[in-house]
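Working notes, structure below.
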Amino acid sequence: MSGNTFGTIFRITTFGESHGKGLGVVIDGCPAGLEIDEAYIQSELDRRRVGQSKVTSQRQEPDKIEILSGVFEGVSTGVPLAMILRNQDADSSKYDNLREVFRPGHADAGYHTKYGVRDHRGGGRSSGRETSARVAAGAVAKLLLKKFNITVTGWTHSVGNVEGKTVDFSVIEKNIIRAADPEAAVKMEKYILDARKEHESVGGIVKIKAQNVPPGLGEPAFDKLDADIGKALFSIGSVKGVEIGSGFESGKMHGSESNDMVSPETGTYITNNAGGILGGISSGQDIDITMAVKPTPSILKEQMTKDIHDKVVPIVIEGRHDPCICPRIVPVAEAMVALALADHYLRNRASRI
Amino acid sequence: MSGNTFGTIFRITTFGESHGKGLGVVIDGCPAGLEIDEAYIQSELDRRRVGQSKVTSQRQEPDKIEILSGVFEGVSTGVPLAMILRNQDADSSKYDNLREVFRPGHADAGYHTKYGVRDHRGGGRSSGRETSARVAAGAVAKLLLKKFNITVTGWTHSVGNVEGKTVDFSVIEKNIIRAADPEAAVKMEKYILDARKEHESVGGIVKIKAQNVPPGLGEPAFDKLDADIGKALFSIGSVKGVEIGSGFESGKMHGSESNDMVSPETGTYITNNAGGILGGISSGQDIDITMAVKPTPSILKEQMTKDIHDKVVPIVIEGRHDPCICPRIVPVAEAMVALALADHYLRNRASRI
Amino acid sequence: MSGNTFGTIFRITTFGESHGKGLGVVIDGCPAGLEIDEAYIQSELDRRRVGQSKVTSQRQEPDKIEILSGVFEGVSTGVPLAMILRNQDADSSKYDNLREVFRPGHADAGYHTKYGVRDHRGGGRSSGRETSARVAAGAVAKLLLKKFNITVTGWTHSVGNVEGKTVDFSVIEKNIIRAADPEAAVKMEKYILDARKEHESVGGIVKIKAQNVPPGLGEPAFDKLDADIGKALFSIGSVKGVEIGSGFESGKMHGSESNDMVSPETGTYITNNAGGILGGISSGQDIDITMAVKPTPSILKEQMTKDIHDKVVPIVIEGRHDPCICPRIVPVAEAMVALALADHYLRNRASRI
Amino acid sequence: MSGNTFGTIFRITTFGESHGKGLGVVIDGCPAGLEIDEAYIQSELDRRRVGQSKVTSQRQEPDKIEILSGVFEGVSTGVPLAMILRNQDADSSKYDNLREVFRPGHADAGYHTKYGVRDHRGGGRSSGRETSARVAAGAVAKLLLKKFNITVTGWTHSVGNVEGKTVDFSVIEKNIIRAADPEAAVKMEKYILDARKEHESVGGIVKIKAQNVPPGLGEPAFDKLDADIGKALFSIGSVKGVEIGSGFESGKMHGSESNDMVSPETGTYITNNAGGILGGISSGQDIDITMAVKPTPSILKEQMTKDIHDKVVPIVIEGRHDPCICPRIVPVAEAMVALALADHYLRNRASRI
């Protein structure tokens, strides 16, 4: 009800703030009998970690995962699986000047209005750091999906006006942009560093593909698979747009173009404009998702904003921020899609007697 | 859990199929003391109704609402408010040939895989007709929002390659396209009718604006206001993309461009790239949403598809279908946004002691 | 959230008032492929119906069920299964004097305080008539359970100080008390009719037994099977106590007495003090439940109460009321237990990978 | 869905096992602006703690609370409030012999059947130790209720056949039984110690009274206040019966006896058979609850049970167990009632526009 829980059967509740004691997540509904590979969970967190390259924040956080419950002798027991990450490099001093001032493009003013009281350090709960708990939970969801051969892969499709032209999954983790096109990656990196030099940040577009999703996942009416994936991705700060399959291009198509045809020869689909979801139910084709990521709102350039007394004041955001959030949002987006799929996988078990 | 419920406090559960006895909705969580203007609910349903113009389906359904419970002497009593609409012009004969064949671009194959048993008549539960129940519930949500001066307005922004250039709310209900640009409306109408002549359908883009939404609505992490709006809209069949504020344009921006600045003179925001939502919480600015609508998948042109025996077969979809769903999806989109806002309005009451 | 929904997977939402248009229920989560025997649902409603004997209310309501959705060619389709019952013999005139006066022992004052507005006719939503929708939904749950050989049987154990001594399921539906002891049934009938003559009502105790429940149903911590059964039964108006197994007797026992022992010879349990539930999980033994039912609060005797102006006033409740609610609460209690079991049966499918 | 969450607005999710790393709870929905008195939370945990007297388990656990999130400068911020307790004196060696044997009266066999995999040490998640997390959350709920003057007090009413005759709240925390009758407390203590000498345990009855609960709390149909309290209490292991107000005595009453009358002189209620709840809604009178607690199932006496190979085997339960759980279940029961009340207090804010 208060917004920190996602999923219905495979259900996670996250907690923690950017500069509090740490972040955490409780997974209630992880089925028993799943081998919990802690090293894998850690490796997923490492993909989201700050300080991993010159295009990410230079804050240093080991993001060392501790599993508190729900695992016995390496295997999930069916009871809540709780995990925490302690904050270690929280430098709250950089935020003293923000106690009474709202950063542009952030949730600061919203939290102040909503709650009256606010942990201003690093954005508190509204910090992107909150997503580390999602990645931990998403790693468990991926372990579950792996049992059924389902994979979820994300990559940076474009940064500013630099767009990837090719898609090669094998290169994604080999460049600091997490682009699937190695040549574009080089240009994207330059684009980001140029922006940072000018005290700017840049936006981009991320794509996610889920493969081997069996047909039949998703529920009627409101909990359509695309509705839950849409929610999952819009729940990530900075995401301003989501497309499934052909997305906004669909708005320009004719019916016979948009409908995916079956080849009479092979019996397989020729196109995938639907992005693997028809009427909210997975079709068995790849699930193709695109999302728009706005530029990191925290920039060194002076901006005009308001304070808690509703006065207009200038602001310069110090602290350590990502000049482009795309490389680090990739594992978060994958996690959210994996969580939605794991949940719908289990939900589907109740569809027939 | 099974997907037919939306909302947490202002919570609706819908039921019914295209060619069954009718459609219905139970609103559990409508606060007591709201005047329930039945004529207004009916007028909203009339906006979504089939047969209202030459660009909509020619099926004739009065969509006459009956309130079954929850209202006493014209006022909501706080207990479940149930409403039903009886189907009257369900012509199932047109669907006999679809008992074993899956229509391209529809949920037919998905439902078959998922449930094993399927009401094939008009798509059963997966029919767009299901949204009539949402519009009835959305009308009640709008009545609630009206008490707090909040309005939700939708319009057709583009159809195929014809885009609206101006936005004048006063013309929306005066053209059959529900465009906000009267000149574009004329071109859109021609575009649609041309397509229909060629046994085609066309997609489009719809915009929704919510005004006077107070700051502070939305919940942290997963139930961000944009996440719930995103889910609300993706839960409508045919929607393939959703944007908040600048949407995909954000991916090309720099931080200082994307962040909405306050005018030092007036203290008001100069831009609204955020679309009225920052960090998942309403900012007090207008909430601006754009969504992509794919072409109606049911077309008269012959297409290749599969049947329940996994055989590739040709199909021609008869029946009475909208050549472009945009004009009729506008009230549905408004309803879904209104439901999300009403819910978050009530949820917000628990944010402080 | 607003209290009219029960269950998580097999989830029902009920609506309607005593003197409104009717009662209804939406089952969201009935798995596809279940034969929906409408005559059976009707027969269950007939067991709860008013006017069935001289110990029940003389209001005449056919309680004719209409299935609105979710069933195609006699089989559940997995989408919401909605059912309604129209009110026909609502005589609201008897309630005019209750518009401003609160009946003792009823929810009248509570609803007035809570909602400000109130449908006073027959108690509105707080009427026992609300349970007819539960019985309809419970009948579907029983059809589902029957597939897995699970049965739920209730009976009147005692009325006032007349207690049943034997338990013979075959006689329950053969006496108007729904007692399992035919000799006690005769005395109970006399006890009730004597009370009615003196313008009184009487309480009683009802027992429910669920058989063939497989071991392993129930969830840890809060959604223990007994917790959900306890909630299910306390949600029925007039229920003031619930026991599982030995219940309050357990408070007087020693550990070696209370623990159910296994016979070394047969390997089966010798006792069932646990009532078939240990640590919230079904053990495979019968689930034995006892519940206390208070006397119908509506009596012809003059009583002192308050009105909406907080003035103390005398009241005489006319209308048609059950002198003892036990015979008609039996099918309601069965329905609620069946709903809890059906839900946990389906929930359990997600317990292992 | 998987059972480890309680509440709808003031919603808690607990995790942890008896012999794992520790126990914890996330409160999602604690309103912002509440002073979080950590010393008070600790004091509540100390009341539940093991080793506090000679009638409780001799395991030594400091149960030192650590608040991980949701509190800033001593005040709740409206975001998830997470707390953990580390296990310190977990002696798992005593449980080695239980890896393949199910303890009588416990959930062991149920968990084995349900999940296939099981943390057998101290009962794992099914241990009473799980309730420490509830007490921590309940303490926060009590802090919230205190703001509105609402109190919740529990005490041991009887142990075996020794019943309290008087109720004096001021003595409850002054005797190790937590009885409200100091003379009975002495006899109860002797009763318990005698039982322990014979390697036995004993059951008892606990009462809880909530005072100053405003009228109007509770929701219609299924989420009646008594239904949610009933569930709350049945969710505590060892509870086999729950009564509201007159409870099972109601089954023997006549209507005019059972209905609570208003005094024409004072305008106040003369009796409280309803236990403060009518039709599921609080009446403004005290909420009076009674619950039956079975004897601790872990006893030193040899018992017959089954192992994972379905073989009947003798068992002697070593380890450190409470000879009577009543003194320590009192704070747990208070916590659960406080959680139900806090939740319904906040839910009620949505009842009117």
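Should a chain be cited, it is by its letter among A, B, C and D, assigned in written order, with residues numbered from 1 in that chain.
In the analysis below, contacts are C-beta pairs under 8 Å (C-beta built on N, C-alpha and C of every residue); 3 or more make two chains touch, one makes a residue touch a chain.
Note that this is a predicted model, so its numbers are computed, not measured.
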{"item": "More contacts between chains, B-D or A-D", "value": "A-D"}
{"item": "Reference chain D; chain at largest CA-centroid distance", "value": "B"}
{"item": "Centroid spacing, where centroids are CA-atom means, of chain A and chain D in whole angstrom", "value": "39"}
{"item": "Centroid spacing, where centroids are CA-atom means, of chain B and chain D in whole angstrom", "value": "46"}
{"item": "Residues of chain D engaged with two or more neighbouring chains", "value": "1-5, 8-9, 14, 29, 32-33, 78-79, 114-116, 125, 220, 350-352"}
{"item": "Chain contact topology (line, ring, star, complete or other)", "value": "complete"}
{"item": "Chain A-touching residues of chain D, taken from the complex the two chains share", "value": "1-5, 8-9, 11, 13-17, 20-24, 26, 28-29, 32-33, 66-70, 72, 75-82, 84, 114-119, 124-125"}
{"item": "For the chain B and chain A complex, residues of the former touching the latter", "value": "1-6, 8-9, 14, 104-111, 113-116, 123, 125-126, 130, 158, 160-161, 195, 200-205, 215-224, 226-235, 237, 239-264, 267, 273-275, 278-284, 292-299, 301, 303-306, 310, 312, 347-348, 350-352"}
{"item": "In the complex with chain B, residue positions of chain D that touch it", "value": "1, 8-9, 29, 31-34, 78-79, 144, 147, 220, 346, 349-353"}
